[in-house]
């Protein structure tokens, strides 16, 4: 009785609340600091003289207008364009530069799988199930092999996470820079995805009850939620609790990169510094030396230049 | 000095235009596939001719892949250094074509979402089962081979080149065996098919590769030593002559058998049948003409002509696939030898015509466009094109 | 050619994350990697910006004699920066330590020191941020990657924050665009607040604040430099040029980095400016008060940057010029392109739209800040065929172009200099793709590292660039690397010597000067601007 | 609550299946059973009776494409759809007219049904990449349509053209559904199963099975089709096979079909 | 520059996405749980709770038993009685596919593939009118 209520109702509610409030708190925290300077990283030719052609990639890598900036952010967010530029420097034996876009591959595999898995999960959250969710799920499932159908992103996400974690475990540089929190997040995500897959394929739970529980939670029908929570198998609560931990941990961790990438000034600002001047709201006054003071200091030399008619002639 | 491979910039309107054109063709192919498999768009397959030209796409594209890969590995295995410049490009094309081939299997089968079953329930006696394994492992071998080349691992590249050639031969022999081991149809059953498949894979792959090399180098403004392509064209000539020999050999072998006379007449001598045209066009236009182009000095020295020859040959190899697959199905089997048969309720016992519909052609051409789309994007994303290709090999 | 040097031994170490949190202190400071402390003279002059600088300390001392309340001041400064700079605050939070930046840093590549990875450099500050400004760090301490702020940590910060050249190469590869330069800049500001600063940049900043240029040239010295440049030109071309200086009412103010006034190989570019402006008959002037385009303040703090760059607008206003051209310099253009107009807003009303008086081109991309890059200007003039160029005069050079970090990644200036160079010489070759354009490697000496005491660091940091150059030297026989940054020009000759590369370094404007056929040039030139005999018609 | 033991058994079994690659209980034994207690089903066609019946029907209806009762019963029992387009129309059992290939002698025509031969060495099972087609111990060659990927390799391999592919959703071609037999879906191959549902049910009850076509033939009082266990020397089919000349179709390919055709011209 | 309007827009979008299920469920007005047709018969093949989660596994095992092994009968492990191992057996109690299987599967957004081939009472009725 207590178990169901705690794991099925209290923990999810708390986690969601922490998640929402935390993320907004964090965003507002960032927003409270000004962006004093416009510092885009330009990775393409700037907008310049008309005869120097800017190609389409320059437009996105070195945006001049708002729409080009939007384009840059789009490619950054949906295709990880910066990571796609990745090269690796090889010390031995030839000291060469090579493409090394594995990180991009693993990263994009993980993130897209995550997106698809989340869209698939809409069937637990929405009643009736939205058409795009079920259509997408059908298209990505292999039937005829297993019961239920093999949902490919659900498996791919485990593989991608394992590969991402393997990088951190086996590569020297990555191991060095990985903090416990980095491992923690990967382990947590692995645990969530593996428990989800186990639940899907092996340790079945009564999904009907799960959906009922979630719908009760989302319509704040707490009493009914508590009563249903007790009828569902414990396997679900492993998954659900891990997800709750992730949600509650989200705002206080590096996972905030998902929101932060939108705020990054090196990416979300156009490179039009000399056309539209950026205003720094706290621009300080700085008292430097004025020309008058300068003139006082070097009066004789400046006067000499003036005497020569403000020009210098070669003495041949 | 090692050969330097570079990405193309891929920023010209021409590049985007050609990508868009191929993408449009792919879209048309995809739409026809959906219309065919989920809607009512007609194909001309029937209970008698269950394998049409979309099925023919499988051996065709695997052929292109195997051909490209064998060429790519020439440099590694036989240590022909001057072809090293093309090895990455050819290996990448091999990957593109195997992807297309696997895609064509997916498009051909009735239940693509059940495809996982083919890996899960392995049937030792089924060549198709073996091929499912061979195709996927071939893709992996190609990919590892290409990665080894990207990483400039010399020894690994050479070893993998050997493995890859072996695998390509296996894969394409296996594909030939799909048809060649069918003992219930006399026109299929042939021991020559596996070697013949390898020869025509290499020749069609090489023919298309010559054209691809020429066009790619031309439109990316790279220097291409004509002698390189010319020496390739000699290999090409040899291959198509062997192919012609095999075809004629098989024709005579089948024709020698009295029991097959009617079938042979139907395949080779009946101008009212499309198969007749397939075969003779293949022999005359697909083999004779390219051979002439290579041999005739004026055209043999002109890369444009050589490319045309390569393209013609590669295109006509499709006719070869048609000629290999369709007659065996179209020509009725004798269930009770010596007796003529007519079925009351079905089309058994008579010749069931098969004329591919535009819907089917759109799928095949769409698949072709997928290959080139992958190639075009690959040119931009990976360093597969050499800065220039010259005959002389500069030792490091 | 001499023997190639032994490849510098690079020891790569991969310590555990715990070891990464342990500070590197004065005991481990390696000679050739740490900076000398600020001079008292400069500290006195800049005491409003860098307090406590006048105390007696040395980085190798155990006791750095930090002020009593240094911790409080440090954290207050930290908090202040977090509140003022969204990028700083954001970049403290969102790094996922994916490692994409790790081997992008030339210092990491050259030294193998794990703390030179951009991510690790930022982690030095992040660990403090977590400990004092986040809940999780306060609770989980070390396990959240947080660490106490101790004197050792300050020492480590000093050591590593001055091993960054602010080239932003890592930022180009970071999936979130985390800008290590921004973090290091803030870090240095925070260190300044407790008087921990190195020696090199404050010298120049103080000098520039006083005299108008980093080198501390007095107005007469600057005029003298211009005069001897004009004399050198006359010697080589036979054309005598009058160079305007401090001229009121000129149309354009020209600002060059002060290295150009006397250093080699800057000097030949300096001659190039004068010849070019003379040839096209531009009504321009040099200025002694705003004689410095470069801005070492941008390596230190916002205020110091403004202290130096505000003079340019003041001078433009005083002289009544319409707009400004800036010379060849790297970090100067980060300052001029990204900072200057913001820092000095509103701009003097006397400025007018930047329209090229020779060709009539309106420099739309400098519409508001009124400052045009010399490469943009020259490219425009060349495009309109207003000058005659003889490419064959540069035939003795096989040229490659080094994209300087800041014009490349903070401005997007790629095609203009290439256009100019290719109009001026016949033999131009690009270095490998991964080392040019936005992926360009730093010379290893930028960001305040152009100083003798960190020579080891500089040479190691220059390794990737040297290797890239070696490729084209081997392949095409390149013997001239053109660059548009004053620091490059100062740093590369030493690097070339160190890596035994037979390559001369030079300015874009030197090539222009060489190729320029001047109207009043009477006899055929036989020498290039360096006084080397011209080699023509070969090959 | 859930029975934990069974849950683990079931879950474990499917887990093992996933990792081992094959279902532990789904493996079909190679070849038919040697056990004398396991029957070997076969069909015997009396060609003379069949010819007589078909000729009679053609005469009666005047339709040269008439479907005799056996075919109708087959279609009805097995939910075999009917489509206008002959090219796409699946047919499990069909009647064919044969005559000696000598026009000069004006040979007499005979009719006989064609259906899946349930071979001893089925070419279709040999080539099926997913083991969707398999042979049961009692000799019936079955298609597990759950597994079929629709590659149609079996149709190419089958020497008897016994297989049909569902180019269309079969339900579009049905006017009546027999709930005992599933209608197949679009994209899979189907063929005669010797009415396996009837066979299994009869075996369960201990009766002699009688597939739909055989039953129809008997009810039409022709008795041209006989179904039974050839392993049992006393079965009707074994007895009948001893009374005449029995042939198999295309014995040369070595598939060893188990639909036998008996020729004895018993002239009155 | 604080770019306040973008930040506020971002927060609103974030909130909208995160809380979308709540609005969606409230707006749709669907009951939290659909009314399924009541089956006749005393009990299901196995324990009802177990069947809820595992019915498809049972059907899959039935299908393997029946199709590949020719075993037709299944003995319930809970109740010990014998059933025909066939999906038709289900319809003896669950008289309606549309109001039972389909309704619940629609609710869960899970696709039923069984009835692409297998028949169910409503379908047979429709065809055999």
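The letters A, B, C, D and E name the chains in turn, as written, and every chain counts its residues from 1.
Quick note on the criterion: contacts are C-beta pairs under 8 Å (C-beta built on N, C-alpha and C of every residue); 3 or more make two chains touch, one makes a residue touch a chain.
All figures in this text were calculated on a predicted structure; none of them were measured in a lab.
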Over the chains that touch one another, what is the least number of steps taking subunit B to subunit E? 2
According to the touch definition, list the chains common to the neighbour sets of subunit A and subunit D. B, E
Looking at Cα centroids only, farthest away from subunit C lies chain D
Could you find the two chains linked by the most C-beta contact pairs? A-C
Comparing each chain's Cα average against the average over all protein Cα atoms, the nearest is chain A
Could you please state the distance in Å, as a whole number, between where the Cα atoms of subunit A are centred and where those of subunit B are centred? 43
Centroid spacing, where centroids are CA-atom means, of subunit C and subunit E in whole angstrom: 67
Using Cα averages as centroids, what's the distance between subunit A and subunit E in whole Å? 36
For subunit B and subunit C, let me know how many angstrom lie between their CA-based centres, rounded off. 56
Residue numbers in subunit B touching 2 or more other chains? 111, 114-115, 117, 120
Subunit D: positions in contact with at least two other chains: 2, 7, 11, 14, 146-147, 149
Subunit A-facing residues of subunit E, complex: 1-4, 7, 10-11, 14-15, 18-19, 21-22, 24-26, 28, 30, 32-33, 49, 52-54, 56-57, 59-60, 104, 106-111, 113
For the complex, which residues does subunit A have touching subunit E? 16, 19-20, 23-24, 27-28, 31-32, 34-35, 122-123, 125-130, 133-134, 137-138, 143, 147-149, 204-209, 211-212, 215-216, 218-219, 221, 224, 231, 233, 259, 262, 278-281
Going by the contact rule set out above, which residues of subunit B touch subunit A in the complex? 9, 11-12, 16, 111, 113-117, 120, 150-152, 382-383
Residues of subunit C defined as touching subunit A within the complex: 7, 10, 12, 14-17, 20, 82-91, 93-100, 102-104, 109, 114, 117, 119-120, 123, 134-136, 143-145, 168, 171-179, 182, 209-212, 218-220, 223, 226-227, 230-231, 233-235, 240-248, 285, 288-289, 302-303, 306-308, 310-311, 314-315, 318, 337-339, 341-343, 345, 347, 361, 363-369, 371, 376, 379-380, 383, 408-416, 419, 432, 434-435, 438-439, 464, 467
Name, in rising order, each residue of subunit E that touches subunit D in their complex. 46-47, 49-50, 53-54, 57-58, 60-61, 63-65, 67-70, 72-73, 77-78, 88, 116-119, 121, 123-124, 127-128
